[in-house]
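Next come two complexes built around subunit A: one with subunit B, the other with subunit C.
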Partner chain A sequence: MSDKKLATGGRRTIAVAIAVLIIAFPLGYSIAGYLFAPGDPDGPPFLERPDPKYDSCVRETVFMRYHHWELLRSVREEVVRYGKRGDVGLSKCRDCHTSRERFCDKCHHATSLTPDCFDCHYYP
Partner chain B sequence: MTVETDHKALADEAGARPGAPLTMVPSGGKNKRPIRIEPDLDFIRVLGKRAGDTFIRCFQCGTCSATCAISPDVEPFPRKEMSWASWGLKDLLLKDPDVWLCYQCHDCSTRCPRGARPGDVLAAVRQECIQDYSFPRFLARWVGQPQYIPLLLGIPALLLYLALIFKTPIENALGLAPEIGPRISFAYSSVFPHWLLNSFFFFFTGLMFLAAVVGIIRFWRAMKTSVAATVATAAPRSLPSSLVTVFRSIITHDKFSLCTAMSSRLWSHVSILFGFLALAVVTFWVITSGLNPVIRGDFVYPFSFWSPWKMLANIGGVAVLGGCLLMIYDRFRDRDRFSSGNYFDWSLLAALLLVILTGFITEILHYVRLEPHRHIAYFVHLVFVCGLLFYLPYSKLAHLIYRTTALVFAEYTGRGGPAGEMPETTGTAVSREPTAADGVAVEEASS
Partner chain C sequence: MKVAGGTVLAGSSCAYAVRFLIASGAHGAGVDDISARKWGMVVDLSQCPADCTACLDACREENNVAYHGDPRYDIHWIRKVRLEDESGTEGMGKSVVLLCNHCENPPCAQVCPVQATYKRDDGIVIVDHHRCIGCRYCMIACPYNARQFNFKDNEDWPNKDHPRRSHGVAEACNLCAHRLDEGLLPACVEACRNAGAGALTVGDMNDPDSDISRLIAGSAVKRLKEDLGTEPKVFYIGL
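Moving on to the complex of A and B:
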């Protein structure tokens, strides 16, 4: 019985080491990222600053950050179903937020979201 | 045959006058002081309800203790606990650390010639321990009864709902700016602000910790007067050394792997423990993101599916889910040999499953961009997390604190034995003095 236990004891240590490595991997990854490619707090911001063509966006920044897609969806309903074309629209966004890659995609990629807007609408 | 008549028959057999208090006197050894026995019939009834009435069939053959791979050589369990249980000696059982050294591997239950299921009896005693030592006790009583589910989940649901309703006035009163920092962004924070979730969970988890500490102190004090505390089988260790030994034993599951009757229990418990460890690490990383000096760049939550953190959380969730499913399978696999569990056992498993499933549902609803469905799912998920976390000292999850305390106590008093290595029983058997727990003679108290 003790022979069996000695044999499994080594295996158990290895198994625990592997589990700890897996659990600690993201931490190590983040620390390595910090050490070798630190984000610069004074560098360019995560989201590209808009071209200051207008003073402000169509709604407050907080609202736009979390609910822009609901706004765009309601605008789509208005246009497609009732033919009402207002001031808000994806093509208008382009006026200030000139790059999809440096603005829209940043958050969408970071949260693994794939909105279908750009399947039809051209947005450079 | 009811439990009471059986107890009476036992008393008559021992030559006592019916109704007279019994006194147990050890026939030899140092301890000559008579021990007065006051059988707690209610406790016998409670044990019978939880572990099955079969436990009074025990005729003290000792097969259970002999077959148990982790029972110490001196005053081994579960034989003495079975004797105490038959006598309704609640006091002795509740302060007995040995009850918590058992991992309910069913080795003894499957080999018991009388079908008395000692493993189930010890589990029932552990449940009683949790309900007796926890603070406040009424919460433990609620957690143990199904009719309190709506109340237990309704309280955190209502509190969280109220907090969400009044978040804007609170934000204004405390001067908390809406989270629109250039770097850190939480996609759920339009409904569930980061500061609200953090303060809500920190407050109630803090209360839970205080309650757990009260339970630990009560339990430790009680264990000092237990029978097991007087019979060391190894040299006592210091407290830090005991803690290290127990920690090593827990993460390697060395005691679990000695189980022969139901070896799959090792895998289900390993999956759930390490799965939750992974989830806890990710959670800690997210909730402390505002203070974390390592995060200097952007931080967007929920993470991308391929982010190392998200991958770890998903692996952890799948591990817990798999472990839960294996546990459910084990409970139905062979209902004659293995225990299928009572409400106390099932409520923890159900809570684990609901937390994991609602978590995955929330994640999927996020990816398919369904609003407000993802927020509703997240709310339900948070309520179940509250249920699991805040009632930790009162549910079966309290084994986390009580078993660890008992294991540390066993090492501290020299009852644990060397970690991972069980002493060979053949050839090294020690001749032992009979002690009080043997209960070899029963006399009248008045004589």
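Moving on to the complex of A and C:
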């Protein structure tokens, strides 16, 4: 009687242990990978402004870092649908920040984003 | 660190305010209300030489319109069609320049399910390619066959200051709205003038003193398919 209990109880324990291992191993691997990953030696990407045609950007750096896509989207609505052209536009960004690789793509690649703006809008 | 965190908080909470901040900043000084104008075009076929392609080339260059040499994929915002007399008599044909007529009651704008095609306040029928889903309903609706679908865009990019369209959207002549907004003439009109023909005229129909208003009032103008009630704004002299 006690032998039978031990046999079935033991099998169940082993099965549960294997299931826990199967679940915990990938999770633990990725957590360990994140904790022990070597940081980016370069730090945050440097966005260059090789040709400063204007004194300052149309908006502050911090604003651009967090809201440039919202800015571009709003301007898009205004320009295309209402014809109200102003001082913001991708071609104006191009005046100072001349290279897409060393400006836009720096952060986009780092965060693996692929905005499709550049299918239509020229940015070298 | 704390400053950055505080800025992030402030920045994200300003998300709604961003729209208004941008709206006040993005209007350039001196941009008048576009609804004051109503753009129209007059095509004087008597001035249009049969073998001239100045407007066609200029439109393609200015707007990066796709050309592959393959009639399945080529897009033409402005076309020149040769109408021959039924009897086939030589010299009795005429060349007609066809483009989007920018109707007052545009059927394409009526049927667009997402309102990507719409009539701007100044009368130009324009496609917002960010919103177009490529259903091609506007192509079916247009009685003038002015709209075309972009299957493959150009490999080259003649005018890098102006965006092109990528595959999957429907496009048509937008009367060079980007040039009109800056006070320039559309590319076809300028090219026609430079070629010496002066057959195309674009102007403000709301202004009784503009060239186009005088031409419409003074000449025998005709529009295409007037019985359909679309009220096109491209007038032809000598059709």
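Points to keep in mind about this one:
Definition applied: the second predicted complex is superposed on the first by the 77 of 124 C-alpha atoms of A that agree within 3 Å, B and C clash if a C-alpha of one lies under 4 Å from a C-alpha of the other, contacts with A are read in each partner's own complex, and residues count from 1 in each chain.
Criterion: contacts are C-beta pairs under 8 Å (C-beta built on N, C-alpha and C of every residue); 3 or more make two chains touch, one makes a residue touch a chain.
Keep in mind that this is a model prediction, so the values were computed, not measured.
When the two structures are aligned on the shared chain, A:76 is found in touch with subunit C, with no touch to subunit B. Of the two partner chains placed by the overlay, subunit B and subunit C both lie in contact with A:67. Of the two partner chains placed by superposition, only subunit C is touched by A:119; subunit B is not.
By the touch criterion stated above, A:102 is placed in contact with neither subunit B nor subunit C.
By the touch criterion defined above, A:92 reaches neither subunit B nor subunit C. After overlaying the two complexes on the shared chain, residue contacts for A:29 are found with subunit B alone; subunit C is out of touch.
Within subunit A, the residues touching subunit B in one complex and subunit C in the other are 62, 66-67, 70. If you check the complex, the residues on subunit A that touch subunit B are 1-2, 5, 8-9, 12-13, 16, 19, 22-27, 29-31, 34, 38-41, 45-47, 61-62, 65-67, 69-70, 106-107, 109-113, 115. Contact residues on subunit B toward subunit A in their complex (touch as defined above): 178-180, 182-183, 185, 187, 189-190, 251-254, 257, 274, 277-278, 281-282, 285, 294-298, 300-312, 315, 366-367, 369, 371, 420-422, 424. Within the complex formed with subunit C, the subunit A residues making contact are 58, 62-63, 66-67, 70-71, 74-76, 78-88, 91, 116, 119-122. In the complex of the two chains, the subunit C residues touching subunit A come out as 7-8, 11-12, 14-15, 18-19, 22-23, 25-28, 31, 34, 118, 120-122, 126, 128-130, 157, 160-161, 163-166, 177, 181-182.
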